[in-house]
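Presented below are the structures under discussion, each in the form of structure tokens.
Each of the two complexes below includes chain A, the first together with chain B, the second together with chain C.
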Partner chain A sequence: MADMVKKTKEPLLHIAKRDDITGLKAWLIRIAAIAIGLLLSGVISALLTGASFFEVYEIMFTGVFGRIFEGKTTMLWRFLQQTAILLCLALGVTPAFKMRFWNCGAEGQALIGGLAAMVCMMKIGNAVPYPVLLLIIVVASLAAGALWGLIPALFHAQYRTNETLFTLMMNYVATQIVAYYVVYTTAGDGSGIIKPVATGNLPVLLGEKYLLNVLVVLMLTVAVFIYLKYSKHGYEIAVVGESQNTARYVGINVKKVIIRTMVISGAVCAVAGMLMVAGTDHSINTNTIGGQGFTAIMISWLGQFNPFIMAAMSGLVTFLETGAAKVADSFFLNSSYADIVSGIVILFVVGCEFFIRYTVKFRHNKKGGNA
Partner chain B sequence: MKKLFALLLAAVLVFGMVACGNGADKDMKVGFIFLHDEQSTYDKNFIDAAKEACEKMGVTMVQKTQIPESQACYDAAVELIETEGCEIIFADSFGHESFLMDAAKKYPDVQFCHATGTQAHTAGVKNFHNAFASIYQGRYAAGVVAGLKLNEMIANNTITAEQAKMGYVGAFTFAEVISGYTSFYLGAKSVCPTVTMDVKFTGSWYDETKEKQAAQSLIDGGCVLISQHADSMGAPTACETAKVPNVSYNGSTAAACPETFLISSRINWAPYFEYMITQVKEGKEIATDWTGTIETGSVVLTEMGKNVAAGTKEKLDSVIAGLKDGTINVFDTANFTVKNEKLTSYKADVDTDAAFTPDTEVVENGIFQESKFRSGPYFDVRIDGITLLDENYG
Partner chain C sequence: MDMWNIFVAFISSSIPLGIPLLYGSTGEILTEKSGHLNLGIPGIMYVGAISGVIGSFLYEMSCGNVKENMVPALAILIPLLCCIIGSVLMGLIYSFLTVTLRANQNVTGLALTTFGIGIGNFFGGSLTKLVDTDLPNIILTKTSDFFCVELPFADKLGWFGQIFLSHDFLTYTAIIIALVVSFVLNRTRVGLNLRAVGENPATADAAGINVTRYKYLATSIGSAIAGLGGLQYVMAYASGVWSNNAFGDRGWMAIALVIFALWKPTMAIVGSFLFGALCNVYNYVHHFFRLGHTANRELFNLLPYIVTLLVLIITSMRKKREHQPPQSLGLSYFREER
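Presenting the complex of A and B:
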């Protein structure tokens, strides 16, 4: 046996699957990856800007949290708001992902939900009492998002269409409808800008504009966690995700689960759109979601479909994006810099999953023959 | 792993030591909010002027780039004030206006200035100001250069007088663009009476492919000279390829298009920035609605390209002098007709409202008084001689 091994040339490195890794060790690898990513992007920043490594991080921190140590919390609220919206979109796609239904349509589902809110604010803003108006806005938004999730789900369940392409294309449909609405509304001066509307704005709690948004997403986070982990629906989603045949065998109606989950997925994404339109901008344009619907896909994966880890990841990505943009502005670099810096960290975070699932083994010691 | 860490740590320490004193203390900070960054010619024009003005006035420039036209603009203003301590906030895009005004209400001690906006003169927010420049004067002068080029082509028998058709690539069917192409056309017409013009809209301020395609289709449709009001190099490069003369916007494109570049007009924001900084430094009020002109140096023309018609320089100088002393009025109603009739009265939507109600009589003494009642353009009349091939409102 030993002779045979010696004859075949063993490569320097080889990769083996590992399934014995402990949760703690996996998390240590992840934290190390984030740390290395941050260090490396700091070094690159220092090289590009000529500032010191620590100065770069100081600027990043101040860019995100402002003068928080002097008791100014405004910037913290902006950070929480951005994190919340990103998280909300990630929460939206997660039930579908867990089912292995690749919903890449968060952007469109949120945008169409936001549009529904905008239309209500503009068209019936003065026609009904405020509480009724709010109720209509919520229902209309969720329904619009649910519809945007339902259409690809129906086609997938009925005709086995590719859900990735279908949901992606639905984004364009939503964007174009919003573009049309903006043009239609502003045809009078052709400016293409809808001025913020005063009616149907979500209430401001305790004088803090973003508090309600953050609270809503906080509650959603807990709700999605419970839904996925402890409800019967959540269990069905997990089974369908593991194997549709198993699901059928145990008597789960797979089509029904797919359609139901996508309706929920679209509706949760629409909450983000509603919060952006009725709660934040009070206006809409094709850029209202601003590509966060796609970042959310990454957040969901990074967070291993666990809402609480996703919250942390949303915070990390928001910090990186805002902080890097601040560094770029401080040193008069263009936006590519911010993309590079956040790209590096995210690459490390994604890349480390490889080292959690596989182990790299070096060539065995020649002397012993069997190490 | 350990080695990698050691290496990184070493690198960190090295860079930690080369800390350089970057925060030279200047007494005043001015915050700028830009829609994109220097990669967009529109924003670059503002960024360059801001750098120039802040340098000259000895104040610190703080910028926020890539700020969308949403609540993000409000947040950016808050950051510039609370974190950076800026005393003046400037934003460069039309859609920033409402959000910037919200910030102005929250911080009454900070001055807010906004380019291209329309609401300051009616909003009654004391520390919120609009500014624009009468770029139509620059476009008119550039139009004269175009007209002279057409005359040269007619004289050389390259085209007949009837074939003197120009093409114009616009972004949106919006007063700012309509005012721009009409003044360009009137400039050309003042020296070449038979000129006509076709206009195509792209529906975007920056879309290189669409602008290129629009320019190409205008050229295919018989246009012998092209100009544009959009921010990319699309139209100029299409012209260079097709060997069709081009009047550019927002700066010279001579480097990329040496054979076809004629001239370009642009708004120079530096005079306004210097003005607003001076006012605040001296504790004076900033005008609610400021219009820069060719006289204040806010409207400038670039150097001419090498292939302009003979005698252009002299004519251009006299036109600029005429615009400066007021003997030339771009929108003089004697020089154009609407449906074959002279324009004697026109109500424009000067005071912004949701229904876009025309509210102000803007024809006075036989002249359409552009930028008089508000700095932001409101000339949106469709005059004879210009054909819109399509329309795009957003």
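Presenting the complex of A and C:
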């Protein structure tokens, strides 16, 4: 026994949980993590391209915002548009996440919503008056997205079917249906690209193509914030997310909350698809959402399910992706470089959560041998 | 061509389509048995593929792009080793974040997939510029030839040879690895310990099992296996030609296959052939049926996903105990937590 005691030495590092961290300190840690991630990706960029560290960031900035100081806002609007679409998808998945329902299907929900809008634009574009058409497009889009959220929710509520994989598969079902529709409608000319449709486009406000999209998402941001924080539904979502048993105990119908929340989640994601199809591209292809649905999952989580922080995170990630793609382009490298840079920064932020939830203590007894 | 020949060609060409999925799902099963849902597998498979490609690209260059200068053993070992190193590094990033730093597994996995696919496409698209050659694309047909040596008698045994013997060695390796993993999981003490870690890490910890070590090892070895799937795809299926995004969503399908296989590597072998065939239906269906509108063929691409969804639903409805995922799948383990 005495031998046993001698042999066990106290480990050098000791991890302990901490619950007393202030909000400010937590954010300082997160900002530090983002800074380190940015620094690291800057160094990697500099090494790969041979340009200096500051040059890389200069290219990133001008690549994203253009000549904004000379009053040219084209690039700024494009940046806002991309941020808005990403944020919209993130807003969509957030209610589900808060309920601990891993909705990885934003991509599919947005795409199927976009497809519904596209079908309305093409099939009944000339048959009904413009305001009615717009209403039909909005309703059809939201309904399609809601359906795509409803299917996995029904099975999860009833049989506890794994929602992560279910929603992932629904993405590919949606993608293939869009692929089918594109081939079906372009079978005559064989181009494989649906030409932009003139009917049923969302209105252009003040001559800025993207203004409506940005405004819609801005309103959604506030709406989701209020919904989650101040409504009864939001409270129920939070309780179900914390503990389903507690929710059942206090008389919340867990199945109903899961299904209702996923219908809303799918519908909000579909808004992004509708904005892309009816508001921006006026056409659809399998790449209309372009993987943003997956990035949105990370945005929602990085923003701690707070819509306003998520807005900032969407801006950051859009900046990184556009900027890094420009850096790669200007050195004739592949633009997938953007995914590497945003991947690094996100991994750093994911990792830094540890230092917010835990604290690392060094061994305190000095006699414990060499450190 | 008569029906029989088309059928043989269909079966024979379905097998290589299933093999990357088999690698991916075997690796993911091993990882999930330790309680970690690694959604980074699609990215890891890209990194495995591109690491192998970089290795063999540099080796082919050092041999002056002449096949006679290349040593067969090196031509195979260099990409293989590079692939394993690349994918293990990705596995280590994942384990460091989720095991040591106890980060959210879903988010870490997704970020790793973004990162990995980025690395694959970036180096795939820029390698020729980075090493300053005048080659326009990465075409490694010479290395691919070494990987694709057929078994003897393959072309003399008719349909039997075409279906069972005409594949590259990584195809057979995949099946062997799946069988070995199955044996280790079910018949050895290490496997028992690993399953204990995945079911209930606190109990395993109390029993004196080093939880952290098991989690790290399972994730890293799992990643290495998954990475080989990416390499097999490039070297055997794509005959050594890298094109960006060609690997597609096979990584996600591999994760779905884990559920189809009910966390059993032997079932994954059957499942991967079935999935390979389902993905291949699109290429062959017009030989067998009249399809009407040309677009109708597109609908057959839905098959693998629909089948996965059905399996997902049916297994969750039946609720048999041995068909359930490891109990602590997706949860971080912290010893001092009550």
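In this section, the second predicted complex is superposed on the first by the 356 of 371 C-alpha atoms of A that agree within 3 Å, B and C clash if a C-alpha of one lies under 4 Å from a C-alpha of the other, contacts with A are read in each partner's own complex, and residues count from 1 in each chain.
Here, a residue touches a chain if its C-beta (ideal position, glycine included) is under 8 Å from a C-beta of that chain, and two chains touch if they have at least 3 such contacts.
Everything numeric in this text was worked out from a predicted model, so none of it was measured.
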First (chain B), second (chain C), both or neither touched by A:Asp189: first
Chain B versus chain C as contact partner of A:Arg78, first or second or both or neither: first
Touched partner set for A:Ile340, first chain B, second chain C, both or neither: second
Which superposed partner A:Gly50 touches (first chain B, second chain C, both, neither): first
Which superposed partner A:Tyr235 touches (first chain B, second chain C, both, neither): neither
First (chain B), second (chain C), both or neither touched by A:Ile297: second
Partner chain in contact with A:Ile36 - chain B first, chain C second, else both or neither: first
First, second, both or neither for A:Gly66, with chain B first and chain C second: first
Chain B versus chain C as contact partner of A:Thr161, first or second or both or neither: second
Interface residues of chain A shared between complexes with chain B and chain C: 179, 183, 187, 328, 332, 334-335
Contact footprint of chain C on chain A as seen in their complex: 15-17, 48, 102, 104, 155, 159-162, 164-166, 168-170, 172-173, 176-177, 179-180, 183-184, 187, 291, 294-295, 297-298, 301-302, 328, 332-344, 346-347, 350-351, 353-354, 357-358
List of chain B residues in touch with chain A within their complex: 4-5, 8, 11-12, 15-20, 22, 36-39, 62-66, 68-71, 75, 78-79, 82-83, 94-95, 98-99, 102, 172-175, 349, 352, 354-356, 380, 393-394
Residue numbers on chain A that touch chain B, as the complex places them: 36, 39-40, 42-43, 46-47, 50-55, 62-63, 66-67, 72, 74-75, 78, 179, 182-183, 186-193, 195-196, 280-281, 283, 285, 287-288, 290, 325, 328-329, 332, 334-335
Residues on chain C engaged by chain A in the complex (per definition of touch): 37, 39, 93, 96-97, 100-104, 106-108, 110-126, 129-130, 244, 249, 252, 255-256, 259, 293-295, 298-299, 301-302, 305-306, 308-309, 312-313, 316-317, 319, 325, 334, 336-337
